[in-house]
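The two complexes that follow have chain A in common; it is paired with chain B in the first and with chain C in the second.
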Partner chain A sequence: MQLTLHLNGIPICEEIAPDTLLLDFLRAHGCKSVKRGCETSNCGLCTVFLDGRPILSCSFLAARADGHAVTTLEGLQEEAKEFTAFIADQGAEQCGFCNPGFVMNALALFRENSDPDETEIKEYLAGNLCRCSGYEGQLRGIKNFLEWKKRGGAS
Partner chain B sequence: MKTVNQPVQKKDAMQLLGGQPVYVNDLAPEECLIVKLLRSPHPNALIAEIDTEAAQRAAGIEAVYTWKDVPQDGVRFTLAGQTWPEPSPQDRLLLDRHVRFVGDPVAIVAGRNERCVDRALRMIKVKYEVLDAVLDFRTAKDHPVLVHPEENWEALCDVGADNKRNLCARDADQKGDVDAVLATCDVVLERAYHTKACQQTMMEPFGAFCSIDTYGRLHIVSSTQIVFHCRRIVAKALGIPKSKIRVEKPRIGGGFGAKQTAVMEIYPAFVTWKTKKTSKLIFSRKECMTASSPRHEMEMQVRIGAMKNGHIRAIDLYTLSNTGAYGEHGPTTVGLSAHKSISLYGKLDAFRFESDVVYTNRMSAGAYRGYGATQGIYAVETAVNELAEQLGMDPIRLREQNIVREGDTMMAYYGEPNTSCALDRCIARVKEMIGWDEKYPCRDMGNGKVRGVGIGLAMQGSGISGVDVGSAALKVNDEGFYTLRIGAADMGTGCDTILAQIAAEVLECSVDEVTVFGADTDASPYDSGSYASSTTFVTGKAVEYAATELREKICALGARMLGCEAQAVSFDGERVLCELDGRSVSRAEIASASQCGNTIALESSYTHSCPTSPPPFMAGAAEVEVDLETGETQVIQYVAAVDCGTPVNPNLARVQAEGGILQGIGMTLTENITYNQDGKVLENSLMQYKIPTRQDIGHIRVEFESSYEKLGPFGAKSIGEVVINTPLPAVTAAIHNACGVWFRELPITPEKIVLGQMEKRKIST
Partner chain C sequence: MFTCKEYRKVETLEEAWQLNQKKSNLLIGGMLWVKMGHRNVRTVIDLSGLGLNEIEETEQEFRIGCMTTLRQLEQHEGLNRYTNGAIRESVCHIVGVQFRNGATVGGSVFGRFGFSDILTMLLAMDSYVELYKGGCIPLNEFVNRSRDRDVLVRVIIRKTPATFAYQSARNTRTDFPTLAAAVSCYNDTWHISVGARPGRAMLLTVKEPALLHERNPETIKPEERFAKYLSEYAAEHISVGTNLRGSAAYRRQLIKVLVKRACLEADRNQIRKQNS
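For the complex of A and B:
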């Protein structure tokens, strides 16, 4: 079947097998930031945006993205950098394998809620597993980032 | 110290956070054969017939291999990443006619894409001769059914292994007369504790891709902690010379010991060696959960004796360990259950440790952070907590009275001296951090919920005494920047950065001026690999020495340029200065000079090994809220004080500690492993196997109480493993203090708590 979509702002139109998962489609198109950590929609590593909203690309048929805009971390480098520097300052990126999914979902959170409290942060990101960090360093990084934003984003 | 003990950013931080393609599956060529395995549905069976004809002829299929392609009387091998000769028995074949657990490989299929390989897998017809299985490890020793009846099974080391008794290893060790001492103790407590085969659950699955390089050699790119061991293992499995193999690791998406076993490299390696085509195998999560290298299930019988005044005089431990179908890390993990638990106590008159490691028809175990110490510390520390209750003593007070101190000889720790130890300070710190005196033992929150606190201590090693080898090679490049080559594997731990910090400290430059390369068997200096908490301590020391040597070479060339004696110059990291007349040359000038008409190599390399393994220490305390009605349990806060010597990078050490603690909490509360009667693991996905999410933990706070270890680089010891150990006993004790029941099998699920409550009520009425 034919699939037409925008991937990180670039129009794509091509033939795909109807059972292609969005995750596999994206990786085949060079978006290697999209990771697979499970087969059961439990880890959040495959998080991407569909029309700006986070979805799990491992449990989403590519066909369903027809006519939509898909964004991966490859397409959000600048927006991400501002935030990820705060995670790096904590050393909370560790192995890094969960990072892209986590960063995508965190950006989605910030877009939806510019001032989330701790409970809201934990709730929103609950589906993003990380086995290395114990989450505490990620939380410190998020809080520092939000603080910085509140102060107007100046260093 | 300028760079050591500083919280510098990890060198790869922004690349990783930006989602750059740096992992195995990101780097594998688009055009490569997809390799998958057909796995046994039976826990113990012989392959009576296998028909692969249809599969072989299917569209897109390149090759199908079965036991018929592997000499069944050939040399067996182990997948354990250990120094040769491996203590783990040689009990594997690449494909074996005898399959020994549900998930044991039956056939290898390689084809153009996932779709056709999946199809071909379904087309293979297998007839099994199903055999009786040994599923319960308590009955495995001398069971009539043998997991390894074959004649070519072999143990290279004297570890007490005997395949005709289902024994992977057996050991005994003691000092003093335990029975006599226990007979004269006021209180003797006897308890049994049980832990399961928990999964490391690193987020990146096992994976590797293989190709044939320009020289006709097999090039393996794998997510591995052990490039050198992997080369040896693959060579043995394929029966080809090691010189024909190169193993390289890219960025690793977590290991925690899982990737200290060459779980899957042999399969794509075999395919590529046979077909001469590039191939890759990436495990599914299900394979990671059912056919990998989890923690050894253990049952520990503890006898502990003390006087009424609190003096702990003897510990007697028997550990039964379940290595599963194959013996990876079986003989070596079990010892730590005693060495790293009993040694926490310094006033003993006697100890005894006996162990059996048995084969069963379950998934093979492997190495998981803590490596047996985790299990042993859970048992002994819980026994000490139970003892405190029986003596009517505060468990912290009991420990203050009995712990090992700096300067003590640790009789259960290979008789090594305790050269650096701040355990006493760690305990004091943790007591204050959690507000012990206000909170112990519990507080009723008035809504059916009770909050209890509990404590646990831990120690680990820093590398394997007299075995682990760490090497570093350093060179000066144009402009004067440095390249550090290592064979240790950064698996998210940040060792690339930490080792660069050590080099930068010695060379008096910034961390950015040291680039790091590792690990590649062709290019890296030999390193045992990143395991056993060895990298900072062993490889770090090698880096320190290599950098010191490089300084001398820089001085030598600088002196030649300045026309003076090497003894007459000094180097401040930027310039080599002639002390006699004040003339100097810069590092960049020296670097340029090294590339023109030069005969002094601006390179150094150093190999280090340490005869002892100075333990890091730690105290941890949990505050846990238990809902007495539902059994629901939440860790409100976990506090810990760690003595890892000098933390080379406090940020990375802290995050290591926080991550390890949460893994320990997961093992205590939610990470369960159950088998059905057919020998299948039920927790075969992240849906069933519950690792903690960020909602499962209140807060973790970690502080450092550093001792200074003279044998380590700038006083450092290890941090990687010790951090997983304290939550098991601390959370167990906190739950007891909240609800009045001791749980002696992990995980402590809400069901168990509710049942425990009912049991308690029955007894009291």
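For the complex of A and C:
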């Protein structure tokens, strides 16, 4: 079947197998930030945006993305740069395997709510699992990032 | 994950129903649960092109299209105002935002999964399902039917004046509930719905018009006494079982705690409504 979509702003039209998962389609198109972590729709590592909303690409047929816009971390380099650099400086993460999904969902949170409190952060990011940090470093990093942004950020 | 030979985004409900009569075909909602199985499917049937992904609010009811996501329920102002935020509470612990942007109301309700938070919540409401061939039937009737090959089109919630509360216990955050309880009071009747028993949610009704109206501050918290009575009644009449998340004995204790908390919360919400 034919699939037409915008991937990171670039139009793509090609033949796919009807049971292709969006995750596999994206990785085949060089989006290696999109990873399969758990295969049970629980870890959040495969998070991408479909028309701006975060979804799990491991549980989404590529065919369903027909006519829509898909964005991966590769397409959000500018938006992600400031946040990822800050998180790295905070030493908030350890192995970094969960980082792409975490960054995608954190950006989705900031788009929806520019000033989330701790409960809202925890609730929004509950679907992003990290097996080494225990989340404390990331939570501290996000709170410090939001404080830093309130004080004017890099400007 | 399933494999399929064909993907069909249907243009009419009739087309979906026709295709769904074949056992080799598969009708999907958000497909978050069906992707966990292994099946060879002929045609995957997708309803996402039928405009059934909206919540319509009228004077009398909420009409929730089957492809509405759990996240839409969570964020719907009218529904949350009507349920004192109980709808939000019933879905906000389900995995994560990304998951809830995919999981659909139709998939959750049609599946009648034992672990379903949303089925537990809806069952405590004056709710109905609209089936393509089967028409509109009360959710409480639908929940006990065996699966057939009809198409669930909408869930309808009547805006019967009511008070609600939702409680769940989880062994760890984002896990399936070990027990879920939704409580409502409408038409002078308490509706107690318990899910993750671990079987599918079950509804218990208790006619008790007195509770909300006979409030005497001189006596020892009559609402607490009544909540205790309801929770113990529920623990006695709702059957529970054992699975890896908890034993039947533990679940019976959880019913007492969660139903009591939910009754008290629903009662407080009622007072708040009356005073506002």
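Criterion: the second predicted complex is superposed on the first by the 153 of 155 C-alpha atoms of A that agree within 3 Å, B and C clash if a C-alpha of one lies under 4 Å from a C-alpha of the other, contacts with A are read in each partner's own complex, and residues count from 1 in each chain.
Here is the rule we use: contacts are C-beta pairs under 8 Å (C-beta built on N, C-alpha and C of every residue); 3 or more make two chains touch, one makes a residue touch a chain.
None of the values given here were measured: they were computed from a predicted structure.
A count of residues in chain A touched by chain B and by chain C gives the higher number to B. When both complexes are overlaid on chain A, the residue A:G137 reaches chain B alone and has no touch with chain C. When the shared chain is aligned, chain C comes close enough to touch A:A63, but chain B does not.
In the superposition on chain A, A:K32 contacts chain B only, with no contact to chain C. Contacts of A:A126 after superposition: both chain B and chain C are touched.
Once the two complexes are laid over each other on the shared chain, residue contacts for A:P18 go to chain C alone; chain B is not touched. Looking at the shared chain after the overlay, A:N42 reaches both chain B and chain C. When the two complexes are superposed on chain A, the residues of chain A that touch both chain B and chain C are 40, 42, 123, 125-128. By the touch criterion stated above, chain C contacts chain A in their complex at residues 1-7, 9, 30-32, 35-36, 44, 46, 48, 92-93, 95-99, 101-102, 173-174. The touching residues of chain B, when paired with chain A in their complex, are 7, 9-10, 12-23, 25-26, 30, 115, 200-205, 251-256, 284-286, 491-494, 649, 651-652, 654-655, 658-663, 685-687, 691, 693-695, 697, 699-700.
Here chain A touches chain B in the complex through residues 17, 28, 32-33, 35-40, 42-43, 45, 72-74, 77, 80-81, 84-85, 87-100, 103, 122-123, 125-139, going by the rule given at the top. Interface residues of chain A facing chain C in the complex, by the touch rule stated above, are 1, 18-19, 21, 40-42, 44, 47, 50, 53-56, 59-61, 63-64, 66, 105, 108-109, 123-128.
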